[in-house]
Structures are given as C-alpha cells and as structure tokens.
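Going by the order they are written in, the chains are A, B, C, D, E and F; count residues from 1 in each one.
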C-alpha cells in the first residue's frame, strides 16, 4: 500500500555556500516542496510513495520529475498543464545572519489548477495514507477545494490523512488560514505543527515561549497539542521544537501527543548544513514510523532523529536510510567515520 | 545627452557549458533584456545611457540593478513595484542541436505596469535618443500603451526613436503584433529587424530566402527594407543577415537602408561562444555609430563588427570597447594574442 | 511491450573540459555502458525499457540506479552482489589530440556474475526485444554463457535480438571474440557494427578504407554488411560510418542492409561536444525506429540523426526527444535558437 | 552630503573554501581595501559615498571599479595612472589554523601616486565626512603627505575626519607609524582602533590583556581610549574588542569613548564565514550611525551588530542593510529563516 | 638519511562539501594512503622521505606520483606493474551524520605485488627509518610477507621501524590481523595505535572507555600502552585519543609511553575541516620529532599539534610547516589572521 | 646530462572558459614562463631538465615550485629572495576576438636579481645544453648581464646554447633589444624565432608576409633564417609559422635552417584549446629532437607536432609524451578515441 502526497514542487535556486543573493553568479537548482520532501523521505525508507501535483510541460518541470523518479517516487498521477513551475530562492544564513527565502511561486501550474484536474478515486487506488500540508490549500481557493476533495475521498477509501500545518504568511492571512484549515482538520488523523503554526493558524499559543530566545516550555506545548487534538478531534498531534541558537546551531526535538498521552523525544544539538526541509523530514519520519507500527516513543524518536540528520544534508530532500536513522536513535551521534 | 532604453530586464538562467536543462544542477544567473543589452553596449562605448523599467523590490532585482550600475548605466528612473522579475532559461546548442530558450516572464513587474508608472517628460529630460524593441509592447496592452506614450513624448522632446522589431511568437500573434507595431512605427526614426521580423510582424517577406539553409538574397533584403521604410515613412532601416551553418558557426552581416541608399557590411564567419543578445549588440553598435556621426558605411560596419564580437562573449551583454570594435572593422579578425 | 538491455553499467569519471588526466583535480562522475546507453535512449523516446545487470550494494551503484530510474528505465530486474562497480576514465581530446579512455572495470560485479544470477524467463516476460553488445560476452566466460542463455530464452519468448558488435581489444583477443560472437550471432536479428568491428571480430574488412584518413568506400561497406548478413543469416545489418577529421570534427553517417537492400543515410559534419556513447545512441535510435515500423530509409535516417545529436551532448546518455531527432531528420540542422 | 573615503583598493585573491595556497588551482578574485570597504558599507546603508584612489588603466582595475559602481559608490574622483593594482592573497584559517594573508601591493598605482594627483578642494565639494585608515599613509611618504593634504582640506571645508589606525607591520615600523600618525591625528574627529593598534602605533597598551588568550580587560581599554583621546584631542574614540577562540569562533564587541563617557556594546559570539574586512565594517557602521544622529549607545551597538554580520559574509564588503543590522541590534540573533 | 615509507597510495574520490555520494555529480580526486600521508608530512617538515609502492602504468597513477613529487617525496623506488590503482570514496559527515568511506582497493597493483618486486637492500641504502602501517600486511598474504622482508632488512641495515597498527576490518579479521601483526611487531621500535586498534588487533582493551560517548580513561590507555610495549618488547608506544563529539567537533590528544614513562599531550578541541588522514599526520609528526631528538614531552606535543592542524586541512596530506606546528605547540591556537 | 633553462616563472591567472576579465569572479592560477615551459616539455619527454630562477619565499612561489617538481624538473638551483612572483593575466579569445594578456611582472624577484645570485659553474655541472629566451635579458639590465654570464659559462663548459628570440614590446624597445640580443647571439647555437621576432629585434623582415591575413611566404622565411644565421654565425635557426585564421583556428608549421639546408614541416590546421605557450612547446620539442639525434626533417616535424598538440592543452605546460608526439608525426591526427 502506498502513501499519496499532494502539493507543490518548486525549483529551489540557491547560491553556493554562504554567498548572499546579490553576490552570486552561480546557483544550484534542486527541486523541493513540503509534500514532495515527505514523499522522498518515505521512498528513501523503502515505503511506496506517490506524488501528485500539476506541472507545466517543459524541461525544467521534467528535471523535477526526474529527481522524484530517481528517488523511486511514483509520479504517474502528476497532471500536466498551466504556465510555470513555482520557484524559490534560498540564501543560507550563518551565525547571527538569518537564512532568507524569496518565493516566486505565484501563477504556478498547481496554484492555477482546477478541481477537475484530479481524479482522487483513481489516485487513492492502492493507497492507505494521504499527506498534505497547509501550504497547498493556501495556494488558491481552488487548491483549498481540491484538498477538501482529496480529504473526503481519502475517508471514503479508508485512507489515513496527515497534515503539516505549515503556515505561510506570504500566501494567506492567519484569518483565512484559520477558516480553511479548520474545515480540513476534520478529516485529519495525524496533525504536525511547529511552534509557530498553531498560533498563527488557530490562535493556539504556547505559554512562556520565546521563539527567538531559544527557550521552550514543555508544558506549554503539551497544552497546545491537547487543545489542537480536542478542538478538531485529531487523535495524533506531533509538534517539533526548534531552539535557534544561531543560523548554524539549533536544538531540535519534538513531542507526540497521542490518545491523550505525551511522548517527548531526545534533544539534538545540531550543527546545520542546510535546514530547509527539516520540518518535512520530520513528517516523513513520523509517517514512516507510524505506518510501520513503531511504539509511540520510538515513532517520535525516529522522526526527530531522521530530521536531525536532514539538517546535515544539502537541499530539501532527506537523503538518509532507515539504518542511519536507527543508528542515531540508538545513541550514536558521534559522527565517527564509517568505513 | 543620453540615450533612454525602455523594456524588460530578466534573470537569465543557463546551465554551464553545453549541458542540457535536464542534466544540470548548477546554473549561472545573469541579467539581460533586449533594451538593457543596448543600454549596456552604449555605456561600454562611453555613451550616457539610462535604462527604464519596473522591478519588484527584492534581492534578485537588486542584483540586476547592480549589474546595470556596474556598467555605468543610469538606473535612477527605474520604478519599483509588482510581484516578480521575469526569468528565462537558456540552453546552449551545439552543432546540429539548436539552442533552446524557455521563458518564464509572465506576470513580471514590467508586464503588469501601468501607464501612470512612468513620467516620460521627466525621463526624457537630457535625452536625445529613445530605444525600445517589439518585445515591450508585446508584454501587455498596458505596455503597448506605455510605449506609445513614450514615443509621443519623445517626439515632443525632439528625441530620436529607434525600434528593434524583435518579434516574439510566445508573447503575441503576428496579427496583433502587426496592428500594434504599425501604430508605433509612425514615431520611429531608425528601425532594426532581422530576417524574420518583417515577415512575421508586417508580412514583408524577402524573396528567395531559406532561413534554415543559410542562403540569403541581397536583393530580397533591399526590397524588404525599402518596403518597410516607405510604408511607415522611416528614414533609416537596418537589417541583420544571419546565416546559420550550425549552432556553432554562423555567417553574420547586415545592411543599412538610409534615405534610399543601401549599404552592405562585410560578412563575418563566426565561431560562436554565446549568440543570445547578438541582435541587441547590433542595435547598440548602430545607435552608437549613428549618434557619433559615422558615415553610413562605417555605421553598418561598426554595428556588425560589434555584434560579431558579441557572439564570442558569454551572456547577453556585449563586453567590448570602441577600440576593439574598430580594430575588427579595420580588418584584424585574426584573433592574435594582444599582449 | 518492453525492450530488455543487458550489460555493464560503469561509473564514468572525466576531468572538466579539455583537461588531461594529470592536470585535473575535479572530475565529473556519470554512469554509462553500451547497453545502458541504449536503454536510456529508448526511454527518452517513450519506449518501455528495462535494464538488467549485476551491481554491488553500495552508494556508488545506487547513484547509477538513480540515474537510470530518473530516465524511466525499469531497473527492477537488476541483481545485487559482487564487489565493485566498474569504472572508466575519459579524457576529452581536441583537434589532433585523441580522446583517451582508461578502463578500470576488472572484477566488477557483472564481470564476476554467474549464470544462476539471471532468470531470463522472468526477465523476458512482457518483452519483445533484447539488446546486448559484444562487450558483455567479453567480460568473462560466464558472461558469454549468460548472453547465450539470454539469446536462447529470447528466441523461446519470441523476443527479437539486436547486438552491437562493439569489439574491445582490452577485454579479449580478436580470435576469442570471433569464436564467441559467432555462436551468439546465430540468434541475432539486427546486427550493428562500426567500421572496425567486423574486421576485428570476424575478419570481414571493408576494401579501400583508411580509418585515420577519413575516407570511406561505400561499396566496401555494402560488401561487409552483405558478408556479415549471409554468414550468420542476420536479416538486418547496420553499419556506422565515422570520418574522423579531428577530435573536434567528424563526419557521421550510416548504412542499413536489410533483406538484401541497402540504405545510406545523409552525412552530418559534426562539431563534437562529447562523442563517447555515439555508437550506442545509433543503436538506440535504430531499435526505436524499427520497433515503431519506420520505413528502412527513415529508420537509418532516424538512427543517424539521433546519434549525430548525441555528439553534441555531454556524457554518454543521449538526452534528446523524438521531436528533436525528427526535426534534424527533416533537414533543420541550422542550430537556430528555439524560443 | 557625501562621505569621502580615500585609500587603496586591491584585488583580493583567495582559494575556495578552506584550501591552503599550495593546494589551490582555482581562486576567487574580489576587490577590497580598508577605505573601500567603508565606502561600500555606507552605500549599502543608503549613504552617499565617494571613493578616491589612483588606479592603473587596465581591465583588472576596471573590474574593481565595476564592483564599486555596482554598490552605488561614486568613483568619479578616481585618478588613473601608474603601473599596477595592488593584490593580496587570503587563505582562510580554521580551528587552530590561522588565516594567512600574503600582500603583493608594492609599486601599486596609489602607493606611487603624487600629491598633485588629487585636488582635495574639488573632492570635498558636497562632502561632510572624510575617512581614511592608517594603511594609506603607510604606503609611501607621498601617500602620507597626501593624507595630510586631505586632512587639512577637510578642516577647511568643515568636513569631519575619521581614521581607523589599522597598523600594518609589513608597511612600516611602529616608530615611523607613530611619528606620521601623530601628525595626522590632530585633524581626526573620530578615531577607530582595535586592541593592537594603539600599542603598535602609539605605545598605548591595555593592561591585563592577552590577545591570543581571548581575555579582555574592560578597564584597560577605557584607559587606552582615554589616553588616545586626550593625547590628540580626539573627541570620539572607538575600540573593537575581538576575542579569538579559534579561527572559526570569535567574540566580538566594542566600546565607544565620547566626550569622556564610555559605552560598551553587547558581545556577539560569532561563527565565522569570513573575517577579513570585519574591522572596516565596524568603521562603516559607526560612521553611518554617528552621521544619522544615533545615540552613543545605539551608535556603538549598530557598529558592532553591523560588523558581527560582516563575519558571516564572504569577501571584505559588508553586504547587509540597515534593516538587517537593526534587527540584530534589537536582539534577534537566532538566525531563523526569513521567508 | 632518509625515512622509507611503504604501503598503498590510492585515489581518494570525494564529493564537494557535505554532499552525499548519491547527490554528487562532481568529485575531487586526490591521492593518499596511510604511509604516503606520513611521507608527505615528513617531506613538508624538511625530512628526506622516500615512498615505496607498486603502481600500474597509467595516467591516474602518474597523477599520484606527481602529487608525491610535488611534495619532494622521493618516488624513485616505486615499482610499476599490475592492473589498477586502488580507490576509495569519502563522504564528509556533519554533526550527527558520520563520514562514510567506501573502499574500492581490491586487485590493486600493490595488493597483488610479489616479494620479488622489492629489493629492500637497495631501498634501505641511505635510510635510517622505516615506516609502515597495519593496512599493508592486510592487503594480501604476499604483502604481509613483503612487510616481513622489509622489517628484517631494516634490522640488518640498522634502520628503525615504526608501525601504525591501523586495523581495517574490511581487509581482514581480528584473528588474522593478530597473528600477522604479532610477527611483525617483533621488529617494531615505535608502535602507534588509536583507541580501537589495540583491542581489535591484539585484544588489548582500555578499561572504562566508551568510544561513541567521547569519554576517555587516562589510566586505561596507560595500561594498554604498557601491555603492548611489554608483550612485543616495543620501547616506544604512542596512542592517539580521539573524543568524537560530532562529525564536526572532536577532542584530540595523545599519549607517549616510552621506556616505562608516560607523557600526555595537551587536548585540542577541533572544529573539523577534514579528518581523514588525521592519524597518519600524528605518525608523521611523531617520527619527525623523535628523529630530530625532541624531548619525549615535546615529541608527543609536536605530533598532536601537527595532527590537530591536519583536521583543518582538506584531503589526507598534512600541508603544514614545522613553524606552524611549533606555533600551535607554543600555545597560539587563537587562529588570528597572520599577515 | 641535463638541460638547464633560465628565466622567469610567473603565476598565470585566467578566467574560466571564454569569460572576459571584467566578467570573471573565479580564476585559475597556474605557473608558467618561456623557459619553464621548455623545461617541463623536456622533463615530460624523459629528458633531465633543471630550471633556474629567483623566487620570493612565500606560498605562491612554493606552489610554482611544486608544479615544476611534480613534472620532475630539478629546481635545486633556484635562488630565493626578492619581493614578488611575477604575474600575468590571460583572457582567452574566440573567433574574431583576440586573446588578451595583461602583465604584472614588474619588480619580480628575478627581474631584480643580481649577477652574484647565480653560480653558473655550479649550475652547468652535469649539463650539456642551456636554454633561455629573449624575455629574460629584457627584464632588467642585470638580467641581461646574467644571461651574458650564463652564455659565457656555457661555452666554457661545452654546453650548447639555444635561445628563443621572443620579443616583448612591453619590456623593452626594438632598439634596445637589438643591441642586447646581438651580444648574446654570438654564443647561441640554436636560435628560435617566430614570424615577428626577427623583424622586431634585428629588423630582419620576411617579404610578402601579412601576419593578420594568414598568408605566409616560404621564400621570405628562408631568407630571414639565412640572414639571421649568417649575421650571428648561428648554425641552426628554426622559425615557427603561424597562420591566424581566428582566435580558434590557426595554421601551424615551422622551418629549420641548418648548415645551409632548409627543412619545412607539415602544416597543421589546429582547433585551439589554449595557445599560450605554443612557441615554447616548439622549443622544447626541438631541443629534445636535436639532443636525441633526430634527422633534421624529423627534428622539425617533432617540434611542430609537439607544439600542435600543445594548442589542445589548457595552460602553458605541454602535457604530452614522446609517444603522442610521434603518433601525430606519423600521420594520425584523426583524434580517434584511444581506449
């Protein structure tokens, strides 16, 4: 049985190393997106993953497809049409200088897709899990409706639904996000959020937390998860806990709230190579672990270890194996050479 | 006195060397556009050049501005706003494989500009020449109107107008181009076109010419220039004559039709480094030579030599000096090392 | 129905540009092999292609698999085991300096494979064509036997067999090649060879031909094809005709001998970007055209145009579409920019 | 009103990443110099900045000019002549391995300039601030005299004078530096120094300070500033305080001594990308803040935050905006992604 | 008098930066090997060093020789023949992600060398020191015998013998290693080992030590050195002590056990650029210091400082001078810019 | 017996590919010089070659030494001191655009060397050939005297002297060159010149030759050689004949005038990769062939084939083997892949 991921894959354009946009003449282009990143994580763990989106018919989009295919992600349900592949520019921060993202995703094929583009009954054939993020319904009203279609179809096909809230202030307001996401949450079995999402989307705020300071309150986050879970009747809620010391060094942990119980993961102090896609790699790890029947504690540990490793890998895709994640979960974070 | 160039500058994204789009992971981004290329040519020759466009307020557009400023192009009349910088992807062809351009310029700031964005009376203060291309009115109806505004203001300010027809089939149909361009041609003092433009825009076709075969008929082109000149009462018409042997090797020449007389340039057999921007560098050379009061024969020789050199230079901007162009005009195309 | 290709895929290690091995510190690694190149050509044309080999279980081999998957080549029948991925080093020649290949393929997994590694009945399920080259039986005695197994199974399954003679003097002697290949030729429906192969493997020599001089005798090649066809009862024989002017410039053409009739293709004067894999791209084009039911003349034209384009593309894989090949077949080799 | 900066801009040649000189085959060339770095900082903050130097007339110097122009620095008062552009080679250190600089600046155009090259009355037209460093008078006796000319002209034009002591032991001895700089200090309104300069130039030593150990004595530095201020009657003295933990990690802070009052900035623990130009970016930030009328505490905080950010940016120029500096001053050094 | 180093030099292939193998298209190839690294260290310190191995006669091996020659290593006793240069692929780890090495060294020329290939009497002419590592006898039974030949010849020529245990689990079992190395140890004057080698080869285990945790017991290591020294009658035993905090940060120290006395070095907290070759650079530093007659404490400090610096240098060779090592030994690890 | 080469080795700084100086941010640095290029050619052919110069003691000069050592050139007679390594910037031309060289060699260590720096009796111990070019005496009056010292010592030691006229207009006038070179020519056994040198240095002009036009008169060159030979009593004179079609394509041939007889080589039409160093590689080939006792015709053919190959190789050093040169001499310039 496969996991279906639906959303927008974009061209990610970044200067080499720590160059700023205005300094660079050479750039790398890779391909990424919240749900595509999850699909690749799953495929790298050996899970069957299908990625659904709408793409223009040109060589840049074909390059994105090649990257997905290379990772064994099934792209046979991708729809073609529209005018452009969304793009985003990423500038890597360092120390006190923040990383910077400039989006150029407006008018992309998926953002201008229509409901009739996707036949969810066909897409969910052979699937047992559906994943999307809060970015997708934010792309357009039509995309929000398509997500609703997908959620309803998922329920019909007995497909579990996971959603990473992923609030994007450039795409919509908190007000609109709250309204749209509330409708979708009714279908969600597993909700994933970071420390800002719940507040920005649903106004659920962790107490005593100062994002820029790096201190986190465990109790506050339990309260957030509980509120989210009860408000929308979501059995499983996972929250990632990032403590930003600097653009180079972060603390990284997460908690799982499931059936009223709380599970905190170990914390990792990470020296960052590339943190974009970190949250998505958490989602990918969590879905894998839950589908494989890991214990709740192991599930959250797997998801956090997987995403800790992501921070050491260039570009959005999390290029690690189950064995590597388990090795870190098992306590070996010494980084000794593996010969 | 300065030359004002108005149009769209875009980010030009190309893989390194001869890689195809689907093979590349690293790309160069430079900045270019039909009229910006002319402005840079002129500034490189020591002519005061001002470039006018509308740009979004982000670091990618700032990089474009830096490139123009580096070349001494005055960008103080650039207007800010809108959503995105247009982009285009360029794949370099070789031998029998054609170069390929994918445009991603829709919804760019300039294409969504409004008439009120530009104060032409202020812009033409201190100017004696205005240059635009057929690409700009093709961007949107508003852009066509803005071009018309500019042309009228130019006449009012005694500013000469040059226009490179530059037909782009992705932006509009021949039918629409013909209608819009006909209106603008009334204001044009110097028209520039290549072997396809006159046919595609105004249905003026050179006889006995086979573009893909590389053979060109001198008489046919004289007829084309004459027709264009007479139809729109344009005193000066220049036509570039490209003979494509392959993506690596081209013949390159041009003719000038002025006040009823015809001047053919020498022909150059060019081994190509990068041919995008070749036509624009011809325009830049021609405007320079005409403004400097070159003889008609010298003017067309300068323009052709300048643009022959452009084909040996990476990216769109023509990074050559007047001395280098004159050296080639003077007959030294041997490429011997200059120590 | 799919085409099955069987052979060795290797890591291809080359310095950048025209650097010699002893000058280089940075290298590109891509993945290639005679039959893998054919499989990729076919997949790029939309043909279902399956690639069969034996690979070690490590990340370098996984990178090779990703490249095949990215191109839609089915790798589900690849067998794992053995010690190493074969490698070869390629130095690009220029002008009078020849390109240079250093092989480091000994002891590769496929060269040490055993007959029991491959279940040809399963592999040929759903196939109608089998392709291999003279390199594969040269790898080891076991590989020669595996080829024989494959050929026999192919006949049993009504699968057509094509073979590119591809003599490699580092792998075996002409004597041994002649003996082994003679046995395999009995099963071959389509034989492909270049101007040296027939002589080196079977002692069939074109008269009046001087390989290093660039002159070719049409009659001589007809004789060679006829002899090969009759000796082994092979209905279809294709011979590529390369005229090496220099490492940068080659003439390229081919002939098809089918059912006693001879079809010569157009000749292309090619300015070379990368000629390694040129012959394989001919094979890929020919198999495509024959399977699609092209006329004999069109088939050889398609194969030659396809492989002419390959010479303009970096690395072994032929990254072109059917539309691009047809465009060149149709006569447009001018390399004009496609916007 | 503009700030005039006078000194030497050089070509900065550095290997990529952490390569040592003897390992590298590829190098980046950027352009930098103590006063040019300040001019670029100011221009990046929106301040009108003019840069004055003498350059040879060749393409390498033209590249330096293009870089300055790109940053909006006015180079219209640059003088041309002489033989060469000064160069310096930079090797990036890591951990316990120090960064290394090899200067090749002897016989540069500016070092061989003459007094008559510069017309300070014209240069200071429209200026209200003049900045130079202790490097410029060290280049040659003529350069020392030119600095003296400039200082005198500045006073005549009511232009404030700032000077960064910047002792360079390769250019002159402490003895000579002390003598020359003492003469110039009489004209200085704002003196900038690091922990070594005062000692090396004027023998003013901070007590209880161990540069290589990283410990710093606040009281000692107050004493140094006070002594310098009183000795030369300089109202404003700023001292940067660097604690070198390793080539990768530094503590960075500064103090401002103004009108008898002392203001210490926050300390930043910096993970370094490139520390060359760090001191200059402090000067640029300080001049900006003082000219904008910041409070004394805010001025030193702005200068330190600006220069802390510089350490995260490749090459000498400080590519940051006022908004980014203010954001860090305001307390957000978490490096969280800015989308 | 010269130092002779004998072993295998390989091509080291690594992706750029922190890329994983499966992500990379470009790789650096450098040349390295346990004993070659020592020879280069010694030559960089001004010691005459000769490197002995067997290499195939091709351009890749010639590149390795050029690299050794560039460093002044005498390669006149290298023997030619065999089929291939061993290779290894290195992927740089970061934070919790371990570095990864894939060996492709089987069937290399040296691993298939024969006893008769080396004339030790000639090789040791003019030598006073012989160095090899536990990797060389692990390559093949013949290599083990060749090492034995060399050791015996060394004794005959009054040449001191040093050996770095360097256990490689991919090459042999602990059991076989123990047996072979025991025989060779009889000839060894200076044994070098890291925290794992003694246990894996001879079953001598440090008490209370957890490699992946980073804690080290001084007493345990003294016991290990003493046991090794007494068991094989080796007067000098050095043990490196690595505390792996992460792939980026390591503690690094060592101890020297000589004539019954123990000398611990300072500990360095290293921010790693490239740690492969770290142990070899320790050996190189130790041999240099012992031959130069350093005191025991200075010898171990030199070796540790040298190898601490190695961790800041790309590739295996330790590109540092005696002056740089002494500067660090002397206490300056501040990494301040050296102008 | 060894060949001694004396002159200036410089850092050669070039942008990548066909970039112009003003476009580039990344550059390659290699090391080259007229006589160093000859020394490397000879060492690559297996001839013992010693290179003598004066270098500053820094890492950039050490990199130059490493490059020479890597090529087996003996650098044990290099003298250290002075201030800087000479540099030159090279921009690669294409088609009608000429390559451009900017020298920055003034004040280099060798140009400021003194007669006492070199002990020619010691240097010529074991030598049978001395090579220098007209560049070296042009560096300074002292360098001219050092060359004279060397020539006289050579005669004393029975060492043959070869000199490549190599006129450099940036270093001296024709008048001064003529005077100085006339003195040195008395000691020269083999003179090498290109089509311009004889005219610029000695006013000996080939009739009916138009350098920029590409036509060459055989008779004219015979006359030139004869005149030179007779004027200075030089038994052997070689003249290279370059026909510059464009910066990409050159004709290349040479003639040898020996003992009154004339030998013309084959002509090669070369597609150029890098032509800097072409003349030096001719010198290297000629010296090799003459010392090896080749026939006169073979000697000139070897020299021309060697230097034809150089044009296909990046940077100044001619990285080819005797076998490769002989292969081309033998007629195989087809550039076919060598597997």
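By our rule, a residue touches a chain if its C-beta (ideal position, glycine included) is under 8 Å from a C-beta of that chain, and two chains touch if they have at least 3 such contacts.
Remember, predicted model here, so these are calculated numbers, not experimental data.
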{"item": "If a chain touches chain E and chain F alike, it appears here", "value": "C, D"}
{"item": "Chain centre separation in whole Å, for chain B relative to chain A (CA means)", "value": "44"}
{"item": "Whole-Å gap between the CA centroids of chain B and chain E", "value": "62"}
{"item": "Interface hub residues of chain B, defined as touching at least two other chains", "value": "17, 20, 22, 25, 66, 100"}
{"item": "Topology of the chain contact graph, where touching chains are joined (line, ring, star, complete, other)", "value": "other"}
{"item": "Chain B-facing residues of chain F, complex", "value": "17-20, 22-23, 93-101, 103, 168-170, 211-214, 244-249, 275-276"}
{"item": "Chain E to chain C touching residues, read off their complex", "value": "13, 20-22, 24-30, 58-60, 62-63, 66, 83-85, 87, 89, 91, 100, 102, 104, 106-107"}
{"item": "For the chain D and chain A complex, residues of the former touching the latter", "value": "17, 268, 270-273, 305, 308-309, 311-315, 319-320, 324, 328, 331-339"}
{"item": "Chain E - residues contacting chain F, complex", "value": "66-67, 69-72"}
